[in-house]
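One structure, pasted below without further comment.
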Amino acid sequence: MTTATPIVKAEAKDLNFFYGGFHALKGLNMPVYEKKVTALIGPSGCGKSTFLRCFNRMHDLYPGNRYQGAINFFPDQTNLLAEKVDPIEVRMRISMVFQKPNPFPKSIYENVAYGLRVRGEKKRTVLDEKVEEALRGAALWDEVKDRLDDLAFNLSGGQQQRLCIARALATDPELLLFDEPTSALDPIATASIEELVSELKEKVTILIVTHNMQQAARVSDFTAYMYLGELIEFGITDQIFIKPQKKQTEDYITGRFG
Amino acid sequence: MSPENPVMSSTLVSDAPVAVPLDHVSERFVRRRTRHLRETIIEFILLAAALVSVATTAGIVFILVKESLVFFDHVPLIDFLTDTQWTPLFDDAHFGILPLVSGTLVSSGVALLVAIPLGTIIAIYLSEFAPFKVREIAKPFLELLGGVPTIVYGYFALMFITPLLQQIYPDLPGFNLLSAGIVMGIMIVPYVSSVAEDAMRAVPMSLREGSYAMGATRFQTAVKVVAPAATSGLAAAYILGISRAVGETMILAVSAGMQPNLTWNPLEPAATITAYIVQVALGDLPHGSVGYQTIFAAGLTLMLITLFFNVIGHIMRKKFREAY
Amino acid sequence: MSDTAVVAARLQEIRRIIARHKRWDLLFALLGLCALMLGVLTFVSLFAQMVVEGGPRLSVDFFTNFPSRRPEQAGILSAWVGSTLVMIVTALAAVPLGVAAGVYLEEYAPKNLMTDIIEINVTNLAGVPSIVYGLLALGIFVYQFGFGQSILSAGLTLALLILPVVIVATREAIRAIPIYVREGAYGCGATQWQVVRDHILPYSSAGILTGVIIGMARAIGETAPIITIGALTFIAFLPPAPFTGEPMAGPFDWVFAPFTVMPIQMFNWTSRPEEAFHQNAAAAGFVLVLMTLTMNALAIWIRYRLRKNIKW
Amino acid sequence: QSALVKVDGSSTVYPITEAVAEDFQKEKKNAIKVTVGISGTGGGFKKFCRGETDVSNASRPILKKEMDACKELGIAYYELPIAYDALTVIVNPQNNFIKNMTVAELKAIWEPAAQGKITNWNQVNPAYPDVPLKLYGPGADSGTFDYFTEAVVGKAKSSRGDYTASEDDNVLVQGVSRDKGGLGYFGYAYYIENQKKLKAVSIDNGKGGVLPSPETVENGSYAPLSRPIFIYVNAKSLEKPEVKEFVEFYLKNAPKLVKEVKYVALPGKVYEANRERLAKKKAGTVFGGTEAVGMKIEELIKREAQL
Amino acid sequence: MTTATPIVKAEAKDLNFFYGGFHALKGLNMPVYEKKVTALIGPSGCGKSTFLRCFNRMHDLYPGNRYQGAINFFPDQTNLLAEKVDPIEVRMRISMVFQKPNPFPKSIYENVAYGLRVRGEKKRTVLDEKVEEALRGAALWDEVKDRLDDLAFNLSGGQQQRLCIARALATDPELLLFDEPTSALDPIATASIEELVSELKEKVTILIVTHNMQQAARVSDFTAYMYLGELIEFGITDQIFIKPQKKQTEDYITGRFG
């Protein structure tokens, strides 16, 4: 942990979220600090993914979903959830990596270049450069540099997940969202992605959901414990794991839960 | 202990059960005779049903080939394939299938140029853009297009589309492949759009989410991610459309001119294999005459053409499916 | 440059890009709507034209009269009854056959060359012109099996014609059933047939119905193959209703009766010289589309009811 | 099972037989049922010669191949001409330079040698203006086509191929009525019903132009484009009372009903002769398996008498 | 833990399993004791589900799968994997509950009665009785007794999972297989199912896969740790969790894995 006071990159303010009639997030208040890793933990169904997906307005894709409250984004102090903020604009600044690797049915190169092409980049030299940079960033470059035109599906699960990370990195996001990025992976792939997350935080702010407490403990600087749509406790990871303030959190972490 | 032999960290392990004879199967686990018989019979019945379609093809091929053989006794195959005139019922008979093939290909081509883009656009629109309600109402409505009698389409082409096109292009003859093809295309649209829409809707949401998460718009997501991911289903839709186009009869008989004409120009009148077959099958010719047998040779040709496309389509689809 | 300024500049750039892309979105939405409207409007205008032209001919008499040389007296009684009966036979033959074939290919068939061949064969059949089915049926059903020029022959012919569509729809519907439902059923100790009967068929019936609808819509409008196997044009009596008449008709005598169908009647009227017959043709076309519509509406309703209970 | 008379065959003859069947059933109060199909003359003969139908409609005489088929199964038949169809040559109503055409001119237009060459009216006759010539006619599988080619070109089935063909004469009506330089031919009834859209051409067979009309057909002056159409009756079927009654009804009512459906009735004596043939059981065809063109009524009767 | 020596109900002997060319299980040897709960733990992709699904021959449903070795079942002394054994008979005695609740789109009643109907039971009274018994056994009876004709989909996730357990119980199985039965559930539902498992073991032998070590510790009598298709360690749960014999197992359990 660094000792300097961290800068707030984003901040949930009285955030409520509704799946139609179902109240999934209940008055969340939580900061996300710049160039730190913040982990969201909690039992299944507590709303971790729901919370994460608010940050890049993924819920806009489905009808009937409703936000309330704000997620303020800094330094420009934009409320990401405001009506007049275009979700596309939000997603261009905030990238996401999903639980299951979901590469597009395209070549490795095109997968990584996708975000750039979406932004209208056509120059091959620029693309080449950015793709390489992103693949290096995702620790995948050496494995795939000779087969960039291969279909992404031909990669192993762990490689696919790293490809998705490269895809997310290629567009220089300000905030990177991970939703249980290793739950579908074997331990070796998991380890390499955890290592990657630790490296990435030098450049980018990271918010990560995990159901694996060991993982949270290993990679994050801050941890938030959620339960039934509420934020129970938020704090520096070491403190949360060693000396949680709340009985509930302690029970969960020590496995004496239920 | 070596990793091959897991650690049994308890004394319990010592009381291993009695050694089991190798292929002993207790009464409780043997196959029930009657049940197995019933399952086998049912499977056989289902197989028989699947073979009906094979038998149908076999029957069709048998009839076509049998009569074609008689036909080819009279007409050398080489003439059939290379002669550029199709006048089998005329005094000066020529038996070159090419004019009919060209008519078939051109009319189908025009139809597909209409149906595939239109059907694809509609499918993309319905699956990615349209509100839920629009989709649920529009789809059955579109499917009705397939239920309008084709003779109505034929007159629609002749009396409405052709005059309309003549406004734009005054030299267009009253009968032509273009308007027949266009109308045929419209008729085929629901075949393409329905199946394609199903295929695109079956694309997992995770791919869409991946694309939107990169900041893509609906259009970019639809065109760059969803459509490529649905390639196999789109191919199925197109193949169905092509089959329907190649097999369509009445529209062409009414509005395309029925004039065997070796041309690749859709602005000209021409005859197609199907239109020719119907005309002769229902006409005045004595059955059993060479003139009558031409329809079997023509039908066989058509079948080979569709088979060719289908095999290609099948191989392509298999390849794409393997990509997943 | 301050941090804020950098971000602001970037934001501006992003907004510019978005604005540009949004134009495409809008354009395509419009294009899609136009394409959709083109299809829908074509149908509506065809339908409207039939109503306008044939509307005046629609009366009770039109439905209860037999064909006649006098256009104003001619009706479609034998035709609509014939079409209805033929459709019943077609449905009774095509649905079990097509569904069974689809089930076999999807649930039973080993994935090998033979399945490939059957698969190609099915799509290939979709492209065979309908008249060729007529020629086949004439040889097989009419003569070989001795069904004669009857409702049965016609129904079976059309059943073969729409079989590919039913098979393809069945397979697609079955594929949409999640694998875990199958596993759940097998896990209970069900045999393959029990799984098919209790789960696969009930849950895919909605999708199967879609295929049946598309197929039946095509079948009800077919002319050529039915003429080939010997449908009539003038017939001024109806097939014997079961257990009526003298001597009493058996329950299935009607399947061997001579008949005509709507599209033949319509086709005949279209090709008559008198203008008044063309109005009859339009009216018949209207009724035919209406029959299709009824069939569709029925199926869409059933499909809706079936789907209501099933969502994966 | 009530008595049933089965008729099938030509679409050209269909309207007449339909009218007869309709009235016949009415008169018999449905005690005898009649069915009429349209499978074309060829398809009709196929069924007829298999003994599946009692009566076959034919827009041309039975041909050699079909005679053989009938013979093989021992099917004897009576050939009964029942009406005239006047093949009418028509042009677009805007065409004001054509009133009258000679058979030679028609031949110049339709003969195989004209294919691809005669494509403008001024090539037919230098007096005609420079207007592209577009041709419309029935398909090469039809009796009308056979008859027209034989009558005009001189040899059955001898025709150019580059014309718009359709089995549906209304399609031809549409074609010619929308094409200023169009010329086509088809049955008289279609002309009568579409006089506003079409103009008939009078045919000059050496004795001045003659327009088709019931009179000119009946008196033989509209030549060589009037052709007889037939029904063929299965001789064995005729022994059944219902078929006998039907055929008698047919011959008796033909003159009236033929007119009603816009065909041209034969002179009364032809129907008389038909009845006589039935009475005397004179089976067979008078045409010997070939097309007979421009045959006068008298000649037809004479030939029949020789049976 | 009971103190009496437990009886072996089933036993894997040199079990190998192949997904086509992929060797997923490598020479497993492991007993399953009667009326005990045996837990399978291990990192994602290690072969837990694969192993479990060998017991009721689920792999037979897909082409290309191959078993090697034996799973001996007692007291029949029958190798469940033998050619001559009818997989349907196997599944009639060994029920399975899946990770995601997978009720049939039928009524609650029909869901539970399905296994009986498959066995040819038609008497309404027998069905009624067995359905009630199974639903009681799955602790669901009180919640659903007034709505047995409702669609199963209208139940909550936890209720659906208990319904699937009832479905599996209705046919009096000798061995019950659970594949991560609570991973899709919220903590409350999870707790109720864990309780249920503890109760069930009085009547039936249970083999349960879980990715949740706390759960394994809570509910099981024996635990097996698998890694990359191999069985690393098997033993009494308390011993495995307190004093594992292998470094690998210890690492995994304490979360110091990777």
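All chains are identified by letter, namely A, B, C, D and E, in their written order; residue positions are counted from 1 within each chain.
Everything below uses one rule, namely that a contact is a pair of C-beta atoms (placed from the backbone, for glycine too) under 8 Å apart; a residue touches a chain by one contact, two chains touch by 3 or more.
Just so it is clear, the model here is predicted, and its values are computed rather than measured.
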Reaching chain E from chain D through chains that touch each other, fewest steps: 2
Fewest hops from chain A to chain D - one hop per pair of touching chains: 2
Touching both chain C and chain E (chains): A, B
Inter-chain centre distance, chain A versus chain E - centres from mean C-alpha coordinates, in Å: 34
Whole-Å gap between the CA centroids of chain B and chain E: 46
Centre distance in Å when chain C and chain D are each reduced to the mean of their C-alpha atoms: 38
Contacts with 2+ other chains: residues of chain E: 88-89
Chain B, residues touching no fewer than two other chains: 35, 217, 220, 281-282
Sites on chain C at which at least two other chains make contact: 18, 21, 191, 227-228, 270
Those chain pairs that satisfy the touch definition: A-B, A-C, A-E, B-C, B-D, B-E, C-D, C-E
Chain E partner contacts - residues on chain A that touch it in the complex: 43-46, 157, 183-187, 190-191, 194, 212-214, 217-218, 227-228, 255-258
Chain D - residues contacting chain C, complex: 1, 6, 8, 11, 14-15, 17-19, 21-22, 25, 30, 33-39, 43, 47, 52, 167-170, 187, 189-190, 192-194, 257, 260-262
Complex contacts: residues of chain E adjacent to chain B: 5-6, 8, 11, 13, 27, 29-31, 33, 70, 72-74, 76-80, 82, 84-86, 88-90, 93, 224, 230-236, 239-240, 244-246
Touching residues (chain side chain D, partner chain B) in the complex: 10, 38-43, 45-46, 59-60, 63, 65-66, 69, 112, 134, 139-143, 146, 149, 155-159, 161-168, 171, 174-175, 178-179, 182
Footprint of chain A on chain B - complex, ascending: 132, 204, 206-217, 220, 224-225, 228-229, 231, 323-324
